Amino acid sequence: MKSGIKYTGIPSEEELRASPGAPSRERLEQGPVAFIECVQDIPCNPCEEACPFGAITVGEPITNLPELHGDKCTGCGVCIAQCPGLAIFKVHLHYTETTSLVEFPYEYYPLPRKGDRVPCGDRQGKYVADGRVVSVKNAKAHDGTAVVGVEVPKACYLEVRTICRKEWSRHG
Amino acid sequence: MAENRETIYICRCEEVTREEIEQAIRDGATTIAGVKKRTHAGMGLCQGRTCRKLIANMLACSRDPANILPSTFRPPVRTVRIDEIAQGDEE
Amino acid sequence: MRVEKHPILGDDRRKRDAAIIVDGDRVEAITGEPIAAALLAAGIRKFRVTPRFGSPRGLFCGIGRCTDCVMTVDGRPNVRTCVTPVKDGMVVETQAGLGAWADES
Amino acid sequence: MKMTQVAVIGAGPAGLAAAIEVARAGGLVTVIDENARPGGQLFKQIHKFFGSREHRAGVRGFHIGEQLLAETERLGVEVLLDSPVYALFPDRTVGYVHGGREIFLKAEKIVIAAGAAENPLAFPGSTLPGVMGAGAAQTMINVHRVLPGKKVLMIGSGNVGLIVAYQLMQAGADVAALIEAATQIGGYGVHAAKIRRAGVPIHLSHTVKRALGKDHVESVEIVALDSHWQPVAGSEKILGVDTVCVAVGLTPLTELAWLMGCEFAFVPGLGGHVPKHDLNMETTVPGVFIAGDISGVEEASTAMEEGRLAGTACAEALGLLDGQKALELKTVIRERMNALRTGPFGEGRRRAKECLIGLSLEGQA
């Protein structure tokens, strides 16, 4: 089976590696950073305006892929809720000795609450590991796009991108 | 083809099947109007709004789709009650 | 089933302020919503049976074009339920074939 | 008989945008729509739009609808609802029905912004209750807040199929799968990624074999297609779903333009037969303009720009704007529109549009 966003709906490892929006391994080591998984030239640039530090550039034409400037990105995560494609995440590799923090956009009902233990899933919704919800940001400016932060085992910071919603609701 | 044995409705209103449309095309229909005359497809309550495109696609198997024009439009082109337009403009 | 809670649209605060009679049964509804919405909310999906083969039909296009969702409403047949708003007390009947006017029978 | 300067048919994004431009220039404009509420399909679009700030990127479709309505209200634009336009006459008289009677409106210019309708798909069982257009399901969940079913199969991987699959889940339904006959996903990858993250499988090279059920859909059988689009024997799978949503493209609603005698061109990339139009959105019939999906199926963002273009051109033709001012306004609008028609998704549409406009100019020469 062919891989890649056009065939699976999931950006492949190659696509992510080649994407100017993905932070380098070195940058990930240094602290929290945005992880932009936007790999197609679509006409869109709210991420560029969203960043208060000028760490994302799209430029002209607006179909350019967003470029992440790792040196300017503070890992604040305000860009996450501003992306109409819900394609921006935040990764804090060394959140603790043993865990990473992953933040992702979440637009389902109900929202998890801080402290909840949730089953976390990858880009195809497959269970990866249990995580602990450390933040749920849903400011008015987000207009319904909540940003959920989960603490997960360090090994899966590149995989976890959502909550396994159905499994979670089954647990109540 | 095996799947043809199961009924596929092209015109949902007049319940005209794919086989009936195919037969009309074999019988010489080359336009949407020709299919309509032979099968009543497009003569139901919705006046061909739903099946027009499907019939055009079927005709396109044997003809250039650019030449398959929609059948002639006449007022009313929206679903209105006849008593509404028969009453006339009294303003 | 109604969508009571929604992550983007918020809670549905509309009151079920109307009732319609569907084939003799009372169905809760909201004034102004399409009849089809009230029926789906009540789990009713079959709106009529066709003239030629008697097969069931329901909501299809949702914008008043396909006429698949027509029913007999207050004695008038062929009413498009996807674009006809609910009024309290409406009498809605599953339509058989092309239907009949109430005063024709 | 009622009179107006500009009659706009359709109160969707294109029609409202056109009306706003006419009114802004001081023109008298009447918008006529068959629906009970204005806004066209904007009020069911609860996702954030793409584009940039000037396209209102990042704003949800229904909020854009609210903004457009507020603007039409502020400008005092007359919007007639529950008024299906059933005929247009050569002297630019609009025939519509309201309140159980027929009314005629005479206009100097007409903008037809009638939109598009979903394409049907015929397969065994496609008439069963529970098989419906994706747009119909989207209207039910997002506007009327009713679930059409609990478990859904989505057919079609264009943006409509991907977005409605996502929104069905937001409304609380379960999406069993999305199938697509082509060998790759048609819509934006980011929309596909959202439903994949939610665990929805996307089966490419698959079609629906039949929907099964007595009084409504109880299950559906899907089948893989080989490279010649033929079903692969033995690849059938039964999915237990109660709803099948069809999202296989849209066709422009062109009846009124045919009635007016507009010349048409066949452009598959725009949805089939579309009225020829020039850079001002004017058809081959002088004084008759088009905007939005009727001029080729695109998105609400481009529909609004086309509406603004048509409205500005009408205002200019009526002498409400001088040539210089009109040119300035139109240049800005065209730049915004072209920005949306770039990249691998937009370029095809831009080429199709250029081809359509080229055809029209040829006809005039």
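Read from first to last, the chains carry the letters A, B, C and D; within each, the first residue is number 1.
The rule is short, and it goes like this: a contact is a pair of C-beta atoms (placed from the backbone, for glycine too) under 8 Å apart; a residue touches a chain by one contact, two chains touch by 3 or more.
It should be emphasised that the depicted structure is a prediction, and the values quoted were computed from it without experimental measurement.
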Legend entry - Neighbouring chains common to chain A and chain C, by label: D
Legend entry - Taking each chain's C-alpha mean as its centre, the one farthest from chain C: A
Inset, instruction - Select, from all pairs of chains, the pair with the highest number of C-beta pairs in contact. - result: A-D
Inset, instruction - Give the identifier of the chain nearest to the protein's overall CA centre, each chain being represented by its own CA mean. - result: D
Inset, instruction - Please work out the Cα centroid separation of chain C and chain D, and write it as a whole number of Å. - result: 25
Inset, instruction - Compute the distance, rounded to whole Å, between the mean C-alpha positions of chain A and chain D. - result: 31
Inset, instruction - Averaging only over C-alpha atoms, locate the centres of chain B and chain C and give their separation in whole Å. - result: 26
Legend entry - Per-residue multi-chain contacts in chain C, two or more chains: 5-8, 50, 55, 57, 60-61, 64-66, 68
Legend entry - Multi-partner residues of chain A (each touching 2 or more other chains): 107-109, 143-144
Legend entry - Residues within chain D bordering two or more other chains: 34, 60, 117, 120, 127, 170, 172
Inset, instruction - Please give all chain pairs that are in touch with each other. - result: A-C, A-D, B-C, B-D, C-D
Legend entry - Residues of chain C that touch chain A when the two form their complex: 5-8
Inset, instruction - Would you tell me which residues of chain D are touching chain C in their complex? - result: 34-36, 46, 60, 117-118, 120, 127-133, 135-137, 139-142, 144-150, 170-172, 214-216
Inset, instruction - Show which residues of chain C lie in contact with chain B when the two form their complex. - result: 50-53, 55, 57, 60-61, 64-68, 70, 78, 80
Legend entry - chain B-facing residues of chain D, complex: 1-2, 34, 84-87, 95, 97, 100-104, 117, 119-120, 122-124, 126-127, 209-210, 231, 251, 254-256, 258-259, 264, 266, 268, 272-273
Inset, instruction - Spell out the part of chain B that touches chain D in their complex, as residue ranges. - result: 3, 6-10, 12, 18, 49-51, 53-54, 56, 65-66, 69-70, 72-81, 83-85, 87-91
